[in-house]
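Each of the two complexes below includes chain A, the first together with chain B, the second together with chain C.
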Partner chain A sequence: MAVLPPNVSAADFDKALTELRAAIGADWVFSSDDDLGPYRDSFSPIWDTEEERRAGAAVAPADVEQVQAIVRIANRYLIPLFPISTGKNFGYGGPSPNVSGSIVVDLKRMNRVLEIDDKRHFALVEPGVSYFDLYRHIQERGLKVWLDVPDPGWGSPLGNALDRGVGYTMGYYRDHIGASCGLEAVLPNGEVMRTGMGALPDSKTWQEYRHGFGPDPAGLFAQGNFGIVTKMGFRLYPQPEHYRTGMITVAKRRDYIALVEHVNYLSDAMIVGEAVYSNPLAALLAKPDFMALATKQGGAPESEMDAAAAAAGLPSWQVELQFYGPEAACAANWAYAKDRILSAIPGAKAVDGEAFPLPATPEQLLNTGQPYKTHIRRNGALGIPSLGIWKIVRDSGHVGFFPVLPRSGEAVYEMQRVMCDALREFPLPPFFSAVTAPLYWPQFAFQMVFAPSVKKEDPDHNAMVDRSMRKAIEVAAKHGWGDYRAAPIYQDAVSASYSFGDHALRRFHEQMKDAIDPNGIIAPGRGGIWPKRFRK
Partner chain B sequence: MKAIAYGATALALAIIIPAVSGQPWGAKAASAPAAKGPSVAQRGHMVFERNCAPCHGTGPGIDGSPTLPATAILAQRYEGQMPGALELRTDLTADVLRLFVRQGAGGMPMFRKAEISDADIDAMAVWIAQNAKKNAGRKR
Partner chain C sequence: MMKVNPVLANPSLNRRGLLKAGGLASAALGVSGASMSAKAWAASVPAIDLRVIDQRVWPRAADMPQGAPLHLIDGDVTHLWYDTLYQAWKKPGFVVAGVTKADALFVLEHLAWDNRYKVIERRPLLDDDGQATDAIQWVIAPAHPSVGG
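Entry: the complex of A and B
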């Protein structure tokens, strides 16, 4: 039985579906339970509960004109729309909407690579283009540009950027919304708007100068609900000639603070790509004594951690560095990094990793040639989409909380301690402990990961996971750490934590929402932004 | 070099089968019946390569994993009684494929008709059956 949106009658919903069928073709309007099943969030911790957010229908337009027609029909009947690109935002809600009964606007069929240029290094794509599609497009044409890809390659560059997804190459490209350059959106009134130089008719530089003239509203469409994005441009990384890796280890726990400062320099000076930190002592977590130490209430004493490292003959921390560019530059940058860090941190050691010309050979892509256990995922590091990462998916999937923290050793230790203690009450693996390493996905910040698995057949487990997620958001916020991205069921909580000035930012968004989308039809609630008629 | 080999396969097929922009591969509409003949199998191969093979294929996994994630899980589950890789199976009818594609399983999410049409699933079943026959005896 169809789920109706709030304050919409079954008769009006049926009339809207009839109009939608006429506008885009009956084959692309889905309203049966069977057809809507795949629009549920299969990673949802509220699966099969009253709170689960379920679509009332779905429509799959073929072009911008059909998107405009859908928006106009939705306005007539005050039916909320929820746009998705490839619908693969798993861990963050998948294809499911914020408001049950919404009509999902499934943009998968809008799958054209509109332009790609390997001399000026950009692409312009539609929402339904996946990383796999764009990679294949580049390979088939022998173009000399790279993508920066998130873990699963079935996602959409456009959709990923709009949820501020990240990747694994050089800093600028890792920030996918930051590396976007101009977009086109169907606004809530059905008009089509282009940002940046795209607003200038016959512009030749839409993907080369993102600002255009005047305020640039492109950022409002990321985690926002001000329109349906139908085209987006991206800067592409010119294919580097060479790739080199190396690892630095430090002996003492305290040395990590200096190590982070040096790597920050190397990263901000664009000498290295993603720096991948790991803690060799994580291998000891299987031992109950060490697990107790690493998760000790109030934090593990530094002296005891150093003693554990010494007893195991392991360094306290390590970081893997990656270099891209001309062969000589990669070698010189690695030599510089080694010299800089080893001369400053007593006991630091360096190990040369693999180095090879690009593109990589099939053997090099297997990532089995490093002289040490590597935590770098080779496909991602080389901008090649895959689904190999699905090997980490447990049970029925997971939800994700990724608090942003400063790039300092002190901040890492504080988050380890605070979040470990805060989440101790939940029977979950220790996502936070004295050996939890930060992720260097954003260009200028660290993140840590809390991603408990969900189990469709175990509602009690899922309820516990849901409570742990809400507590993680709350505790992190109290310490000045905000989540960067959230599933619809957590967006209000995360949005509420960004509360400076009595929620001035949220009120600003709400005012804009009411002005631009007075009927509140585009993804109400997305990003914690509710239109007037939905606000309590 | 799974991903690049995958691209090369897609290129070869693209010469035979023109891309139908804005639609799942070869599907005129979600409810269109599958056509007969060799092109159905080729289309099924392309749909499989683009949607299933990155997780269920015979290629190597990432970063030292011997097999792709779903292939590894299924191989473990079947304990040698059946291949882990779907393309080597002989028992995957269109109805069985449709069940898993539309309803998912474990960590595998569901696929929508806007991604893989019913006709695409029918075509995949044809290709898998042909391919399994060719690869009879492979265990992986």
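Entry: the complex of A and C
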């Protein structure tokens, strides 16, 4: 049974489908339950319930003209559209829309690499180009550029960037929307617009100077609903010659504060790529005594954590540093990092990791040659798409809450304590404890991860997970930590937490939405932005 | 007792007929005992282009009889996808059968959907006592006119 969008009759929906078939070909309009299976969010905590967000149909256009035709038909029948590129947004809603009954606009068939330049280091791609596609394109042509890839590699530069996804190489490239440069979108009225230098007919620098002239609305399309993006440019990392790793440990819990400051410097000075923090004491969590200490109400006392580290003969913290560039520069940068940190923090130690020329061999990609336990995702660190990350997925998947926090040791300790206490009531693994390490995925901020698993066969568990997610969003916001990205079912809650000036930002977005998309047909609700006819 | 699907014993049925008739997975893979399944694989050769074995659930892959090319995985399907299926699924009519854990099948099924292929059969692999294991035997085949489905 087709799910209908709000206020659209079955007869009108059928008429729209007939027009869509005429516009893009009957083979590319999907409406049976079987055909719509791929457009469900298999990680959904509300799977198979009334609330599950399900597509009413899906269409797969071949080109920009067909996207325009789809938008015009949707306007006629007031049917919401939900554009996806590769639709692999698992943990954040997968391919499923905000509004049930929406027609998913699946852009996978638009999969051309339109331009790639390894002298000026950019690519211009269509939405259906996956990381694997672009990687293959580069490899087959022997081009000297790297992608910064997120996990898993089946996503797309365009889809990932439009949800502000992140990767694992140098800071600038890790922030995928930040490293984008110019886009083309079909607007809600069916017109095609280009941003930045792309607005200049015959521009020669679309992928090199993102701003163009006047306001740059490109950012509106990320976590927004102002159009269907049909092309996007990305800056690419010139393939480095050499790669080197090294690990620094600090003895005392307090030393972490200075360690973070030094690593911030190394990162902002673009000396290191992703710095991977971990806490060696996490290995002790299997012991009930240590688990009780690490999750103690009000936070684990520093002296007790230091005593636990000393008793176990472990350092309090470690960070793995990664260097890219000419061999001599990698060696010099590592020597500098060691000298800088070891001379400033008594008891800090450095261990040399691996060093090798690029591209890496298959053995080096396995990341088994480090002389210490490593947490680096080697494929990602070397810009190579992979599906291997699937091994971390538990049960039927997970939902993700990734609060953004300042890059300071104090902030890490505060978030550990506050979120651990706040989520204590939920029978979940301790995502937040005194050994939770921050993720250094954004260029200039930390994140922590709360990603409880969902179980398709256990609605009670899923309801508990849902409550925990909502509480996490609320408590974090009260402490000034916002989520960076959310599944449709959590987007309203997250958006509501960005409430400065009596929700001035949300009202601004709504005004723009009403002006640009008066019929409210593009992804209503995405980013917490509801068009007038959907607002309560 | 091994239960071989009778359609496979009928040489007059073509590939398409076999797929439409269903029961391919049971013929290709599904028998009452895991050890017998390997023999059933051999019988399915005319209809299957590639066999995938997840060594986490079937370490005895080395005993596999001759037949369609065999791709061994350890859960991670990256190489299977990048080196083989990426090209194979761009062309029409490719049929792949496998025995894997659910996580590997999840990833393959989503990749199949992207390419307008789909899982046409799926059932648990039985152990020698006829009990379901945590392995799944499956067949993925074209599901859209653009790929001969």
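Here, the second predicted complex is superposed on the first by the 536 of 536 C-alpha atoms of A that agree within 3 Å, B and C clash if a C-alpha of one lies under 4 Å from a C-alpha of the other, contacts with A are read in each partner's own complex, and residues count from 1 in each chain.
Convention: a contact is a pair of C-beta atoms (placed from the backbone, for glycine too) under 8 Å apart; a residue touches a chain by one contact, two chains touch by 3 or more.
Small disclaimer: the values here were computed from a predicted structure and weren't measured.
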{"item": "Simultaneous placement of chain C and chain B on chain A, clash or fit", "value": "clash"}
{"item": "More chain A residues in contact - chain B or chain C", "value": "B"}
{"item": "Chain B versus chain C as contact partner of A:Ala332, first or second or both or neither", "value": "neither"}
{"item": "Which superposed partner A:Ala58 touches (first chain B, second chain C, both, neither)", "value": "first"}
{"item": "Touching partner for A:Asn367 - first (chain B), second (chain C), both, neither", "value": "first"}
{"item": "Touched partner set for A:Val393, first chain B, second chain C, both or neither", "value": "both"}
{"item": "First (chain B), second (chain C), both or neither touched by A:Arg377", "value": "first"}
{"item": "Partner chain in contact with A:Met512 - chain B first, chain C second, else both or neither", "value": "neither"}
{"item": "Contacts of A:Ser42 with chain B and chain C, given as first, second, both or neither", "value": "both"}
{"item": "Partner chain in contact with A:Phe132 - chain B first, chain C second, else both or neither", "value": "both"}
{"item": "Residues of chain A at both interfaces, chain B in one complex, chain C in the other", "value": "27, 37-38, 42, 86, 88, 108, 132, 136, 153-154, 386-388, 390-391, 393"}
{"item": "Complex contacts: residues of chain C adjacent to chain A", "value": "75-78, 81-82, 86, 103-104, 106-107, 110-111, 113-114, 144-146"}
{"item": "Parts of chain B lying in touch with chain A, wherever the complex brings them together", "value": "1-8, 10-11, 14, 21-24, 29-31, 50-51, 54-55, 60-65, 68-70, 72, 102-104, 106-115"}
{"item": "Touching residues (chain side chain A, partner chain B) in the complex", "value": "25, 27-28, 30, 34-35, 37-40, 42-43, 58, 60, 62-63, 86-88, 90, 94-95, 106, 108-112, 132, 135-136, 139-140, 153-154, 359-362, 365-368, 374, 377-379, 384-391, 393-397"}
{"item": "Contacting residues of chain A [partner chain C, same complex]", "value": "27, 37-38, 42, 86, 88, 108, 132, 136, 152-154, 386-388, 390-391, 393"}
